[in-house]
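Just below sit the structures, each encoded as structure tokens.
The following pair of complexes shares a single chain, chain A, combined with chain B in the former and chain C in the latter.
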Partner chain A sequence: MNLNYILSRLAQMIVVLVGVSVLIFVLTRVLPGDPVAAALGDRATVGQMAQLRAEMGLDLPLWQQYARFVTGLFSGNMGLSLVEKRDVSIVIAERLPATLELIFAALFIAIVVGVPLGVLAAVNRNGIIDQVSRVVALFGVSFPQFWVGIMLQLLMGLALAWLPITGRSSVPMPPAITGFLTIDSLVALDFTAFGNAIRHLICPALVLAAGPLATIMRMVRANMIDEFEKPYPELAQALGMHPFIINFKYVLRNAFTPTLTLIGFLIPIMIGSSFVVEKVFAWPGLARYGADAIMANDFNGVIGITLVICFFVVLLNLIVDLLYPIIDPRIRLGAEK
Partner chain B sequence: MSERAASTAAAATPIEAVDAKLTTEPSYPRLRRFVRNRPAAIGSVCLALMFVVMIAWPWLVPYPDDVADAVNFDRMLEPPSLEFWFGTDEAGRDILTRIMAGTGMSLGLGLVVITCAIVIGVPVGMVAGYYGGWTERIIMRIVDVFSSVPALVLALAISVLLGPSLTNAMIALSIVWWRVFARIAHGQTLSLKSEPYVAIARQMGASDRHILFREILPNMASAILVTATLDAGAVILIGTSISFLGAGASPPAAEWGLMVASGRAYLPGSWWPSLFPGLAIFAAVMSLNMIGDGLRDFFAGE
Partner chain C sequence: MTNSRVKRARGALRASALALACVGLLSTMAANADAKDLKLRWGVGMEVSTLDPAYQTNNWELATGYNMYDSLVWPDAKSGVKPWVAESWTVSDDGRIWTFRIRDGLTFHDGAPLTAEDVAFSMQRLLTLNGPNATSFRGLKPEAVVAQDANTVTFALDKPNASFLAALVTFKILNKALVVKNLQDGPHGEMKDYGAAFVRSNDAGSGPFTLGTYSQGELITLNRFADYTLTKWDEKAPSSVELQVTPEMATIGTKLRAGEIDMGDWSLPIRVQQDVSADERFTMRQDPMNTAWYLIMNNANAPLDDVNVRRAVASAHDEGTLIRNITGAGGPMGAPVPDAMLPNCAPIEGYAFDLDKAREYLAASKYSPEQLQSRPLKIAAVAGSERFNNIALLTASNLKKIGLKAEVQAVRWADITAAQTKPETAFDLVVFYDPAKYNDPMLFLSYYRKAGWGDPYPPGGMYYENPTVTQLLDKAQTSTDIKVQQDSYCEAARLITEDSPSVFSHSEVRTTTYWKYVSAYPDGGGAMFYDMRFENWRLDPDSEDLKRNQP
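Presenting the complex of A and B:
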């Protein structure tokens, strides 16, 4: 693979990360929100507030505060979280796997269900499957996730009682290796814990997957239909090739590149949605901590979370870009530059 | 005096004279073509009804006293009935009344945020695409920075930092959303500036401003309109989420996301206080999506 391309992308990543850190740093310092007032409450004296402000370095000039933050970052120190009373980096390390597990599970559902449905809808264009999928897609992108989460909890928790509706696990957890409960329990050969983890994942992952699933399905359908206009599917059919092979092996592969771009776009949206979904399902992840930190004006927490999220957004987008030439060998990365 | 004479002279370049004479074709056949798209027609009717409610709710609601902080101990958490179609909430207020009164908050949020985002984003994106070079590089890197933080996260943070309120949620969302239109305007300008009519306009002596706003902008209007309609729905979803999380409208406002949040405390026994406001959000966003999809198909067919 083109090494120069990857290096230039990594450089771009760093520029974006620096930009985001400056943006969020300036926003927290310039806008009226005050962490000290939020942490100490209304009864704190002026002296107490000034003391905490000095301890946190909030009385320094803006550029000195930023310099302190960056030097701290290089020693793996993101500053004290006022919500958790611990260093932000420790909280993030502890909670990141839960959020990643949820987002990967949702992305998995969205792709594994969305892509075949899109192919089916394209093959039966304007047929019953296509019409139903059109309506389902419209619903998928139109409902508020917090509301569907609550309704799903109501349905599952009371009427059906099939699945757990809050938290991540209700049995003793396997020893943490990756932090992903599904993987750790398999490594420990603890199948009860594995089943339990999967059952806890289903509801929040479904809510998180619905919108992306809908958009992926419509995107695959539209691009499959464009590919069907070309001569090669007809030729393959004339040669007696099985329709399943034509559709999934040849046409889908050619039609998949725009979907890959779409998945890159969907990742930040899904991370944003996880803030709401984790809150509704009491999922002990990074996003729930992030929402709490934002609500409490916990500056160090807000900056740490934003940077980690941004890092994953740019990293996953880089991975998506590196997948292009694997899926479609006609594409050469960095060739146009 | 001389300034005015100069500007008249500028307007009198041949290309601007031609532009001034061009009249748009009668729009009725196009309207008919749009309405023939059934989902788009249904969405338009729903949205029009919501706009009527948004303006006329004081005369339409069944229980005008229940809009804000009334407390009716005699009818708390009553299930839906003929008297209270959507039931009553924990303070005995009619939920239908409150949903109708809250229409303006969600639709208004969508409208204001999208308008601000277009006003900021489109000129910035056009300048980046038209002038290129360092201007473009710097502007597009800033757009990248804003795009790499999820919209909900950035808007939530800004809204809390400004102090939670519906107005601040709107400001926060506008700060977040301009990048969407900057990117579209940038891409459109890049492709439109190599069109022959732009080259001709330049040769005829048109100013950059004339080319940007009279030649390029009208030709990207359809792309902006489609995105504006679809994104108004997305903005409403995020706006109600911000209120749901407690960083937007505050009680006793009849904001839909806030109503779902406060109704949650009375689940599972009373499901109606959280069900119906959510359905209202759903109806508003779905109408906008149906219109947006219809507009996209409509412009693709031209």
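Presenting the complex of A and C:
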């Protein structure tokens, strides 16, 4: 692995984060709406507003507010959230694992189901499987998550009573280590809690996975078909290689690089769309808090969440970049040297 | 019968009796266990972001706080308030000094005795932190609250305030020793943060329920406080209460029908309410509330600075359609205050829905039809609320019928409150409802005088003034004579209605849907959330539905 490349990407990440923090800091303050009045609720007086504004430093010049924010950031303090009435860093630490667990579960479903379906559709081009996969893809991208979520609740929770309708768990959970209930329960060897966490994950993860699954499936299919046009699959077939080996070991590997790029882009989209899923399934995640913070003009909350999401997007894209040469040996960073 | 047979028969009889006794004992234990485990699960639509009574604002935060903490007085629809933690009180002749005698034998959840010192500390804390719930006590300074002895506390108001006693139902008493033990850095001298960080997520109360679980954004569990003495625990009262945070109303409807919760949110959409109420396993209860729905008008800007235009807008308001198709329920409100809060007033004639009459008012206005058409009236509805948006659309539709242009804007609450602080930025109309936390008409009427102008609240953007109304309201607020207060409020309400500074739409009727095994939904005495004191609720432990839903 090229260490210089990683270090330069990490340096770029810092520049991006600083740029985003300045941009979002200024934007939240110049846009209309008074967060203090909203936070104080009914019948707030001018005196109460002034007191809260001073406590939050909102009466200071903009540059001083930013300096105060950055200083706080280094000590792990992101400022008071007006929505949650506690420090934003605590809210993020508490809610981020829930959102990440949901997104990773959805991504797992999307890849594990989407990739094989894409391969099957490409191998059976214009056949029954391809046609069915096309319908599935259309369903996945065209039905709104909100509707699919409610339908799943009605079917799996109300009619069949197989799965819980909302929440992350309904049994006592072991002490948090990672905040991922599935991992924490496995670490504690508490299989009842693990099963319960999985049962709660299934419906929201399925809803969140539907769109990405369809996209991954269609992307894999298209790239596989391109690869099939090349001579090497035919040669491998002539050499008597098993079709499964040809399709999954050689063709898919060569066709997967664009899909990997796509997955890198899908993650931030999933973070954004997880708001709907978190709302419908009462999932106590970061996206739901983010939406509430935007509606209430909760400056510190909006900035904190934006920075965290930005950090993960940049980080995940870096990871995707680093995966390219592992998946596709043709790509070697610095090969031109 | 031989001796041995007799012995065997006696032995068998003893064994049978013992077995029966065991069965009986086990049954009793099982019944007791059932009684202990009666759980009331409530699906709530909003986050419970804080447990601190000084900062709680939304319905579910307040309902939680009202169960964890107690107040000096309890609301009473007839007399205003009745004794609770305070067993009696007196007021000085000038109406400024209130002296309360605290009941003996009350304890906090940690076993510490509740004394006058705790009461004084709690009010000083509320006033110093100056959070949203301090607003009701504007005429009181922290240093004017003094514990005279273990059982006596005095409040010295700046000036007489007729609302003070009624407002005390919102004041919650905290355990001073526990809070002081958990102070963190803060700006309030030796009181540091006044326990704000601790009380936000911990229990410092003496109410009927103690805090069990507090998982923010997900679940709050309250457990019965066995040593609570102000109410005798009924065996069918809930032993615990769960507030399950579920922001999507359709999901709450599904959870209710699936038996995952016992009671739904108050804001279930009409369609969900209808689905659930058609099922005979559920009760749909409707309670009139002291909550007023308005269309706040900006009286400072043209054309709503003309009383005839305002009357035209009021006459074009179709509250019948609104109640039938949008809110699903509503009570009468011809004047600025719900009828139930001013029961002794002579009937006040409001503005019935009449488009012809509305056109007549417009014709009598100082503005020409061209001037009235020159710009659209901006109607603000809180973004994200289907009800608010539909009311705004209905209003816009009716205004167009009488020759006024109107456009609906979905606006964040934060942006509405900011816009209302100045006449030039305030919206022409704002769809708005105002809940009264206690039974005091002044909660609504205070915005109909100059002192309420520019408050960061929708009626703060009304900018209405009538000197006679101001005099009447001042007279009512400083008088200790109930009749003088009532007469002044009635006359002020009549004059305000004549001036039509806003559209007085209807009073709220709160709809609650719950399983039939939930019962004894109590009277709140005219104040919000006292009907949500869960020690007065009952669950039927013999209900098959309850057994199935809570295995």
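Please note the rule applied: the second predicted complex is superposed on the first by the 332 of 337 C-alpha atoms of A that agree within 3 Å, B and C clash if a C-alpha of one lies under 4 Å from a C-alpha of the other, contacts with A are read in each partner's own complex, and residues count from 1 in each chain.
Everything below uses one rule, namely that contacts are C-beta pairs under 8 Å (C-beta built on N, C-alpha and C of every residue); 3 or more make two chains touch, one makes a residue touch a chain.
This one's a predicted model, so the numbers in the text were calculated from it and none came from an experiment.
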Fit or clash - chain C, chain B, common chain A: clash
First (chain B), second (chain C), both or neither touched by A:Asn297: both
Contacts of A:Gly157 with chain B and chain C, given as first, second, both or neither: both
Contacts of A:Pro32 with chain B and chain C, given as first, second, both or neither: both
First (chain B), second (chain C), both or neither touched by A:Glu55: second
First (chain B), second (chain C), both or neither touched by A:Val15: first
Touched partner set for A:Lys279, first chain B, second chain C, both or neither: both
Chain B versus chain C as contact partner of A:Thr182, first or second or both or neither: neither
Which of chain B and chain C A:Thr259 touches, first, second, both or neither: neither
Overlapping contact positions on chain A, where the chain C interface meets the chain B interface: 32-33, 150, 153-154, 157-158, 279, 295, 297
Contact footprint of chain B on chain A as seen in their complex: 12, 15-16, 19-20, 23-24, 27-28, 31-33, 138-139, 141-148, 150-151, 153-154, 157-158, 268-269, 271-273, 275-276, 279, 290-291, 294-295, 297, 302, 305-306, 309-310, 313-314
Chain B to chain A touching residues, read off their complex: 39, 141-142, 144-154, 156-158, 160-163, 233, 237-238, 240-241, 244-247, 257, 260-261, 264, 267-268, 271, 274-275, 277-278, 281-282, 285-286, 289-290, 293
Parts of chain C lying in touch with chain A, wherever the complex brings them together: 47, 49-50, 52, 55, 57-58, 130-132, 134-135, 138, 187, 197, 200-201, 215-219, 244-248, 250-251, 254-255, 257-258, 260, 383-384, 412-415, 417-419, 421, 434-435, 443, 454-457
Chain A - residues contacting chain C, complex: 32-35, 37-38, 40-49, 51, 55, 83-86, 94-95, 150, 153-154, 157-158, 161, 164-168, 279-282, 284, 288-289, 292, 295-297
